[in-house]
Amino acid sequence: MTVARTVELEGHIIDSGTMGHCMGVVMDMGGEFEVEEFEVGRHKHAETYCRMTVMADTEEDLRAILHELNQQGATVADPRDATLHEAPEDGVVPVDFYSTTNHPTYVRVDGEWIEVADPEMDCALVVERDDADEPRVSTKVLNAVEEGDLVVTGETGIRVEPPERPRDGGGSFGFMQGGVSSERPSESLIEEIAEEMREVRENDGNVLAVCGPAIVHAGGRDALADLVGAGYVDAISAGNGFAVHDLERDLYGTSLGVDTENLEHPRDGHKHHIYTISEIARLGGIEEAVEKGVVDEGVMYECVANDVPFVLAGSIRDDGPLPDTITDSIEAQNAIREQAHEADLVLMLSTLLHSVAVGNCLPSTTKTVCVDINPATVTQLLDRGSAQAIGMVTDIGTFIPMLRDELLE
Amino acid sequence: MTVARTVELEGHIIDSGTMGHCMGVVMDMGGEFEVEEFEVGRHKHAETYCRMTVMADTEEDLRAILHELNQQGATVADPRDATLHEAPEDGVVPVDFYSTTNHPTYVRVDGEWIEVADPEMDCALVVERDDADEPRVSTKVLNAVEEGDLVVTGETGIRVEPPERPRDGGGSFGFMQGGVSSERPSESLIEEIAEEMREVRENDGNVLAVCGPAIVHAGGRDALADLVGAGYVDAISAGNGFAVHDLERDLYGTSLGVDTENLEHPRDGHKHHIYTISEIARLGGIEEAVEKGVVDEGVMYECVANDVPFVLAGSIRDDGPLPDTITDSIEAQNAIREQAHEADLVLMLSTLLHSVAVGNCLPSTTKTVCVDINPATVTQLLDRGSAQAIGMVTDIGTFIPMLRDELLE
Amino acid sequence: MTVARTVELEGHIIDSGTMGHCMGVVMDMGGEFEVEEFEVGRHKHAETYCRMTVMADTEEDLRAILHELNQQGATVADPRDATLHEAPEDGVVPVDFYSTTNHPTYVRVDGEWIEVADPEMDCALVVERDDADEPRVSTKVLNAVEEGDLVVTGETGIRVEPPERPRDGGGSFGFMQGGVSSERPSESLIEEIAEEMREVRENDGNVLAVCGPAIVHAGGRDALADLVGAGYVDAISAGNGFAVHDLERDLYGTSLGVDTENLEHPRDGHKHHIYTISEIARLGGIEEAVEKGVVDEGVMYECVANDVPFVLAGSIRDDGPLPDTITDSIEAQNAIREQAHEADLVLMLSTLLHSVAVGNCLPSTTKTVCVDINPATVTQLLDRGSAQAIGMVTDIGTFIPMLRDELLE
Amino acid sequence: MTVARTVELEGHIIDSGTMGHCMGVVMDMGGEFEVEEFEVGRHKHAETYCRMTVMADTEEDLRAILHELNQQGATVADPRDATLHEAPEDGVVPVDFYSTTNHPTYVRVDGEWIEVADPEMDCALVVERDDADEPRVSTKVLNAVEEGDLVVTGETGIRVEPPERPRDGGGSFGFMQGGVSSERPSESLIEEIAEEMREVRENDGNVLAVCGPAIVHAGGRDALADLVGAGYVDAISAGNGFAVHDLERDLYGTSLGVDTENLEHPRDGHKHHIYTISEIARLGGIEEAVEKGVVDEGVMYECVANDVPFVLAGSIRDDGPLPDTITDSIEAQNAIREQAHEADLVLMLSTLLHSVAVGNCLPSTTKTVCVDINPATVTQLLDRGSAQAIGMVTDIGTFIPMLRDELLE
């Protein structure tokens, strides 16, 4: 052990697991630690403070350890400004760039700690300096990095605040629960989700619903339309397929050719799917179809009628697509990013692809609810790391109607 | 091709797939066929008749082919009595014994076609002759075969009637649908299941509910108790775990220690599970616990209060078990077999083990509904071959409350 | 029943299920049928012929029935030319357009039956007439339809040839097997897949491998690179993620930061992922990175070194993306379509999204092998309807190495 | 907060998560804590010591908190003897009995700390006193509790030692990893499992293989037989089904009628299954069948030939069963318990039911490897809480052959 650096941790670091993780990280990565000072938080509301020296065999090992400790919330003790390097080209980051977590983050520039706008994981941190104002630090995904951008490198001058175990229990939104149980009472959970939605609405918050086509097949579409109409959903993020199924239901009473009321299968139904796209294309788009009275119910209708914005992101498995669908994936990501940053509560409803895309852009402080019939999907989405998340393995075709009844009846 | 035999098929054998299957079987197994006579059913209600000669290289190959054709509904043309051999020992079948399907089956004894009582798959057929009466033919599982039993061997003198595509469509109960779709509207399916239950009840039929512990965890237990109380369930087949969870809910308000109302987790809850078993053991059993007023609500309570019989079959993963649990698997199978034979409609609710055990004993003519959150479970249960089955991939914690509302409100 | 039309079927229509399906379709859709003539195929190689009149209550019902019968292989008896209508606008199909299956299809134009080029499902059929040559009929997806295109409508003058049960058994490639069993011996299946690949290679056929990132995580990447290098793979279809993981493995020895040799997790590994994209972007693309010697092993390296073409299709969950990734979904679909049309054997390796995209473009005559650890994925892919498909629920990290050993050792 | 008690914790309690869990437990359960003394372990090998007072509103709340803290490794500060009460009846525990964890546990009797023999979760602790010897404390499942047994109640005088994060990293056997990733390189993991098996064998340890029937279907049976024959497996725990499939493979070359070499399906195969049971029954059992030369290869054969003991536990879905199968579930549990207590390494191979049964009896110190194609099964088994466990989502039909090659070639 030839190189060493001192780091500090502060907060509810024992029960939130931060302290234990940091010790584990050092040992797992072949380092050693020496606790210099340790002031335990003696009761529930008292914070703990720790200063410890971390040692490693090589400077490279030490840096790897420090990077990881930093992401867990430890900061290098001696406060210096963050190191900045210019991006050599568009879409290219400097060597040793700092790759972000999705936690609230602060960067020290010109002796001041600046809060990073819109924290998002796996991004670069870019510092902008104007003459008059305070410097600004924001996250940039790789494709948005421009030549000459001042990118943060190394670990110094960066402070991350991982979520802490809430002092009040936190309700149904579990603290950092990695897994999910299908063995929890569904009705009670739905009540708690409804309660949360009511609260967000009362506080003029923003509920983003990420919607998969299974909502329409499984029979949850009318209930979702009711919720949009009643103002419980402030934005929709979906794919071409969801919108087409929803519109087909309105135009032909079917979804992929299955009549969702009486289960009868008009066998030539798949043509309805293509016709729907063709018809909306002819009219110029969803908004035009609503305006001309061709579409007069359903989720997309309620969005247009109630000025609820929607993003339809394209994919290589799409039929059509609709004129409203954004076929370029970078452009679609940017639209999704904007939705994600505005959301206070995200409902991920039976779609892995779109939920991952939204989840990639979310800070860890945004509450999320993941609903899917497939436990692997729920687990994968929760693993992306919201500090406050409910995972529910259930049937979207019974979930949304019960949620609607809870909120509207 | 040196050996040959002539078989006959009759009925709606084209659209039910029988004819195609039989041709496929012969080709797949290396034989040849020659259609001697073919009288197509010219319209919906007309039956088709086919007589064809099947050829194979060896007598052994031919027998293998005939065995399979027989199970598909083809009968050897020249009507002779079935061949009978005595079982050499208890639990031992004669060589070349006939292994049953779960379809209605007839055996030719003394020149008469006798219907097999209680068709069940993978059994031996045993013929009993009294002096006065007509001979009786019944199915026997291996462990019930006794030395000297007259067991049917070979393929002659046996007629199987596989299910035919119903002429009236058959409603939601699909004809021989191997797979299951999670993409069907849940609310509509629940309405159809409720309708079926109403009908069975009006006809004094028998509804058997096969229940897994997830019913209690997921919050469907009170709704199920309501259905038992209202007479919509005529028998319960379950394991020790289901009963203990149901009783624990009554005694302690928890299920495996989780309060199913408010989701709070009294951390010492698992003791409740053991206490529940201990307490019921002390009282002498579930019936005694109800009589003494210790248990006064829930599924098991409603069973005792309404004389709804239940079978609790033991398993190696059980805690306890309860005094009511049948720990011997053969004895438990026999109890389950009796329930299965009496049932007109079987609801398989979130339990693979018990549903397989019940399904093993069912004739293909019994209607079944399989509900599970895991599509693989639903597929596996439907594959066991009820002619009329609904598979539903949904959340038991929302399914049972919605079914209850549909039936009782 | 006031309207009627006569249809014909011919071929191995009994054991292939066609005849039964057609009767079922008529009954399910509320029609009646009257078999006029029926000539049974008396032995294995003899074809069956059926002419039957189909009746319905309304012309609309009849047309719906005929559309479905047509897709099953029945043709309207009286041979007339197909009806053609001009597409009213770009991306808009005429009312009552014919929506394709993925089976070989023939269209009657000017009294001649023309084979449809590149059959693909859910497309429009477009007829092109030059002065000199025979008319051409091809499939067009909705977004490729141009104003004025002559699009086939209705059901007359169209003949579909659904796959027939092969007379020789068909080997491991099952005939129309909807489901998939995880209960088949894995080693034997791998041997049969290897045998098929050997055969395709000997016949200068084209093997398309559709690759998911799990190949790299699970440790199958080196074996796949060996197969590409040895000429057993003729084209790669994948996403940005697969390529980045493969390249990261080469540049940093990790995949998403996990060292796939010794399982050690260099904790700052996720930076590697972004660095890899950044570095390839700096060099200008994958080919440039290989040429400059920066990338010198792995799947993408072998593709460049051996002139094996690859398509990387973008998605909204991508990091980066790489300069080689096609971010527009319509453009990406077109590139995938070309790959699909050239393939003789498609290996779908642990990716649902890309396999669905490829599968959407495949004719039913292309052999496919679907390998995934998730049975639902395998089932979903097989349901898309290749006539000859092997579904295998296994671990891609053991499958590819065993396949490599089988082919190269 | 009117009642209080002081508890102590000692060891690597920060990085093992114990300290954080205990604080979380107190807060979650409505209590308060006051840290009285805290001596942090300043470096890797130094232990931490904490003494804290826990407060609650009622004595009942406090007891619930203390029960949970105790199970996490905290001990009531003031050392007193454990409280003992007599069991009132057979199978009935005294009120407030102590329900065990699966961690090493010590009970204070007559002023001495006695180590509990065979720790196992959800049991009662029973103290036996002889005149001469030291008292003995052992675990008893409910059905083994006898009237008059001295059962430990309450929380005083009990010390639990939950697993600590190993100081040396612990290799592939993760520390308390709740989840499982299918995204780890399969070949490398198999090498590490092989390494572990080699080590256990060199130390004359005991490897218990828990075997599901999928081993035979998927084609892993011959490889497993080789491992038994070569002495890498010291005991087999399975069900009737596994043994019958293995024996059928020997007697008829099929498994459930499918030829596992060439994939051909002798259609009358299911009779083989029943015949196999019938034939073994006729001979008197598996050992007799081996002795008489009827069974001469396979897993069961190698067991008999190499004196590897096996337990076949019955279930309600069994055919037959074989004479060797233990049909009573309590008796079967007892046999499994003995196997579990002797094992140093447990391989859970594609069976949920039997793995849960074995896992229920294991102390948390036994290393386990869980292999299944279904990630939910692996997760569920790992959740049962071995301190050192490898979960692997893979195909048993490729896993066992690769493991065999690794160990025997």
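By written order: A, B, C and D. Residues from 1 in each chain.
In the analysis below, a contact is a pair of C-beta atoms (placed from the backbone, for glycine too) under 8 Å apart; a residue touches a chain by one contact, two chains touch by 3 or more.
This structure is a prediction, so every number in the text was calculated from the model and none was measured.
Using the average of C-alpha coordinates as each chain's centre, A ends up farthest from chain B.
Two chain pairs, C-D and A-C, are weighed by contacting C-beta pairs, with A-C ahead. Chain A and chain C have Cα centroids separated by 33 Å.
Note: centroid distance chain B to chain C, computed from Cα atoms, is 38 Å.
With each centre defined as the average position of its C-alpha atoms, the distance from chain C to chain D rounds to 45 Å.
Contacts with at least two other chains are made by residues 28, 375-376 of chain B.
Residue ranges on chain B touching chain D, taken from their complex, read 25, 28-29, 64-65, 67-68, 88-89, 91-93, 97, 99, 122, 124, 141-143, 265-268, 270-271, 273-275, 277-279, 281-282, 313-321, 327-330, 332-333, 336, 353-354, 356-357, 360, 374, 376. Only residues 172, 182-190, 192, 214, 217-220, 256, 258, 260-263, 373, 375, 393-395, 397-399, 401-402 of chain B touch chain A when the two sit together in their complex. Only residues 14-17, 19-21, 23-24, 27-28, 32-35, 38, 40-44, 50, 165, 167, 169, 178-179, 375-376, 379, 383 of chain B touch chain C when the two sit together in their complex.
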